[in-house]
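Inspection log for the structure reproduced underneath, given as structure tokens.
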Amino acid sequence: MTHAHEKHREHAPKQINFYIITVSTSRYEKLSKKEPVVDESGDIIKQLVIEAGYTVVGYSLVPDDKVKILRAFAEALDDPRVDVIISTGGTGYAPSDQTVETIRPLFDREIEGFSDVFRNISYGDPKVRAAAYLTKASAGIIGKKVIYLLPGSPDAVRLATKELILPEVGHLLYLVRG
Amino acid sequence: MTHAHEKHREHAPKQINFYIITVSTSRYEKLSKKEPVVDESGDIIKQLVIEAGYTVVGYSLVPDDKVKILRAFAEALDDPRVDVIISTGGTGYAPSDQTVETIRPLFDREIEGFSDVFRNISYGDPKVRAAAYLTKASAGIIGKKVIYLLPGSPDAVRLATKELILPEVGHLLYLVRG
Amino acid sequence: MTHAHEKHREHAPKQINFYIITVSTSRYEKLSKKEPVVDESGDIIKQLVIEAGYTVVGYSLVPDDKVKILRAFAEALDDPRVDVIISTGGTGYAPSDQTVETIRPLFDREIEGFSDVFRNISYGDPKVRAAAYLTKASAGIIGKKVIYLLPGSPDAVRLATKELILPEVGHLLYLVRG
Amino acid sequence: MTHAHEKHREHAPKQINFYIITVSTSRYEKLSKKEPVVDESGDIIKQLVIEAGYTVVGYSLVPDDKVKILRAFAEALDDPRVDVIISTGGTGYAPSDQTVETIRPLFDREIEGFSDVFRNISYGDPKVRAAAYLTKASAGIIGKKVIYLLPGSPDAVRLATKELILPEVGHLLYLVRG
Amino acid sequence: MTHAHEKHREHAPKQINFYIITVSTSRYEKLSKKEPVVDESGDIIKQLVIEAGYTVVGYSLVPDDKVKILRAFAEALDDPRVDVIISTGGTGYAPSDQTVETIRPLFDREIEGFSDVFRNISYGDPKVRAAAYLTKASAGIIGKKVIYLLPGSPDAVRLATKELILPEVGHLLYLVRG
Amino acid sequence: MTHAHEKHREHAPKQINFYIITVSTSRYEKLSKKEPVVDESGDIIKQLVIEAGYTVVGYSLVPDDKVKILRAFAEALDDPRVDVIISTGGTGYAPSDQTVETIRPLFDREIEGFSDVFRNISYGDPKVRAAAYLTKASAGIIGKKVIYLLPGSPDAVRLATKELILPEVGHLLYLVRG
């Protein structure tokens, strides 16, 4: 008997377009001053997406500011090519962290399990351990698009993208599109 | 004795910049087809704002679509000149009405009383009467900006702008700016 | 110029079917003991609905009990003939009052203005006055059906049905049906 | 026929104990510096309560600070003599206003109608008019106690206490005590 | 020293009655056409419940429809014999999935940990892995009854029932009954 | 490359003051009758905090009562020496369990991941296993203070304090203080 998850995976779209948003005040300020910006986490997501055979159709870099974050997501959501948005940064407990507080209320449906499954596989990493409970990394659905809000750390971004996003995003888009 | 509200009004800013957003699928489609568009409600707001000695610094026309609405508000919020955003349309109970559902979750603080005071003065209008309870017209604060979400009807827009928004918006901006 | 509300009223369905639910522990207990039950508020709603040219297709009497209330509403919602459900009772602040707490979380959309407009016209009645703020009378939409949760008192039921429900329910059904 | 509200009023307790909390940073700072403090709004509530034949059993003055507000309410709630708590101040839209944001989430049940009925009678006062929509004055129930969160202005406090609280608080306590 | 959980388990009721609800549009349509229906997941729950020495007192099969789901739960909740309700189906992210969205708002208390513990043991199954984050399987309490909302897949149902529900449901009923 | 979590840990404050609150009706009643009280879980927290080089600056014992719980937390929050509050007890599903229901609505930000990470490491303990899903143990931030709401069992308290709280609380305070 074929397992249900496997059957769904067969129906997953082969062509998926991603939009990457990096939320980082320090990098944004460098960019504003035309200084060179290294965005390691953004780059990791792009590379993993491409290695998986998917496409990156857009990217933006914004500071930890509710309105700038909102605008970047609104533009990505309004781009008809975009299937999936992944952000990195702003998911923690510093007062400046605003990504989840800004975007989560917009979800038509929150993919509630993304937060806890991500934290629990993070907990399993000896370099992270208890620090795993300090992230609000989240996912949700707006219209027919899927949004992932990842932490800023390169390790966290690699883990989430490789272990959780890429294996299931096609399956999820298939479900969401009804 | 000077009344507290009167004292606050003295401190109100004299120069206030408004951004108007009309939410109307039919007008948006005409615009997309380059047909002439009459936006009576948007025009009423603009005229009343100008007559009050304030300034209109921006305007956009969007359809009843969550993402388009979100984007228009995000751009207005991100415009440093803007103090107040007023929208018209999409506050009722047709399935297409999405303005309040989209923007209210973004309020840092909802100005809860706007909805009920507006409905109750509408109820007093013999042309509206019980239909007054069928609007979700709302107001709220994001950052230091004030947002009003008005119905689409010209009469409703005139009533809200003249009787509720213009008399208190300066006072409110003074409070919100702390 | 024809007013928007008037145009909508023209499109309102002429044939509307109501289901009445009386929530009253004392009457339910009498019914259970096969004693005669006078349900003045339920009777007022029925009579006003019929006088307006509409139809009552169902009625049930339940105690102030979350599960019994839920079941009565579920059966009314599942009856394909029913367009509008009106309940009477259980909208106050006694610990036994559970109607609003039970049904409101099920609304796809709450018709938020019903509560405040109803309270404010009640406040205008010299027999009610400040007691008006002690009701949670509410309305909302589930699927394509409209639900009104009215207080238990005959005067309140008459006021809400005559002044708010009957004048707009056709208009509202027209909107809700998209 | 005796009206239901009148019957309930007959059952209302005759002896009711009030605790008054004034929320005002400026007055609190004066008090801390042992300067003389005039608390006009607090005094109005006390006087009206006493004139109505009820008793004031406690009073505290706190600044617009979440934790100080919380502590004052916790102490009043924990005082077995107290039936009703009335606060004045901190219900507006300045960033410092925190009374409603702090206490409302603690309500077992919010008395939702207090906010809109109060705003609508305030709107009727020509000195207040549209400023009425700028208050979040609220009421609610915790355990068997009733809490009213009033604005800071003497006029608002007098209106709410005379027109809404004193006429119904006995009735409400009777209901709440089940 | 005896562990607290072990002591509670001693007090657990020995006789527990379950009601099973299968939420599946395809099976419901077959049933409506009097075609033979195989409900593998429903059958697994029944069998595991009986093997554990408990009793199945009711069963219903409903489509992925808010009102039908609501009615089935309302009838199960209103059946005085029922201690525990387990549903299977409708917990995912297809637009048709409505079980959790319908029933969760009715919980007096959500058993929040059921969702994340279930997802994390699912993640440990190599056939499920990252797909684990795509379920909203949930549990909660209404009155003195416990409700579990399980996914539709036979493997998920077997895992949840064997590893989470049956080991603790007696303990939980003992707690909930106070 | 130094890992981000390690860098944050370097910035963590060395001196941290804890306030312990035990929520237990049975112990509170003994205390009220001046009988000897053994508070094993409270003692475990104190000992672990001290062994970690931190300080316990306050302690209180309250029954499972919303107002008493609220008051104890309000006093601890209002104590300027206190950095972290840890409570034990009242996080389960007995009707008397009220700690989480009382304090969670006061959080400025909930540290959402604490609940699920704690449950999942509890699940890994063979003495707890599925009982892990029956706790609502939670954490959150009020102002610049961090609050942990732990279960009443000594084993749970030891696990949470050793594995989750002590390793990250300095890091978290550093983040929260901005």
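Letters A, B, C, D, E and F name the chains as they come in the text, with residue numbers starting at 1 for each one.
Quick note on the criterion: contacts are C-beta pairs under 8 Å (C-beta built on N, C-alpha and C of every residue); 3 or more make two chains touch, one makes a residue touch a chain.
Going by UniProt, the chains are A, B, C, D, E, F = Molybdenum cofactor biosynthesis protein.
Owing to the predicted nature of the structure, the values given are computational and were not obtained by experimental measurement.
**Student:** Out of curiosity, which chains are bumping into both chain C and chain D?
**Tutor:** Joint contacts, listed by label: B.
**Student:** What is the graph distance from chain B to chain D, where chains are linked when they touch?
**Tutor:** The fewest touching-chain steps linking chain B to chain D number 1.
**Student:** How many steps does it take, at the fewest, to get from chain D to chain E if each step moves to a chain that touches the one before?
**Tutor:** When the steps are counted carefully, the minimum from chain D to chain E is 2.
**Student:** Provide the C-alpha centroid distance between chain A and chain F, rounded to the nearest whole angstrom.
**Tutor:** 31
**Student:** Could you state the distance in Å from the CA-based centre of chain B to that of chain E?
**Tutor:** 46
**Student:** In chain D, what residues contact two or more other chains?
**Tutor:** Counting only residues that touch two or more other chains, chain D contributes 116, 120.
**Student:** Could you please write down every pair of chains that are in touch?
**Tutor:** Pairs of chains that touch one another: A-B, A-E, A-F, B-C, B-D, C-D, C-E, D-F, E-F.
**Student:** In their shared complex, at which residues does chain E touch chain C?
**Tutor:** 66-68, 70-71, 73-75, 77-78, 102, 105-106, 142-143
**Student:** Touching residues of chain E toward chain A in the complex: what are they?
**Tutor:** Listed in rising order, the residues of chain E that touch chain A are 92-96, 115-116, 119-120, 123, 127-136, 152-153, 155.
**Student:** Tell me, which parts of chain B touch chain D in their complex?
**Tutor:** 3-5, 109, 111-114, 116-118, 120-121, 139, 141, 163-164, 167-168, 171-172, 175-176, 178
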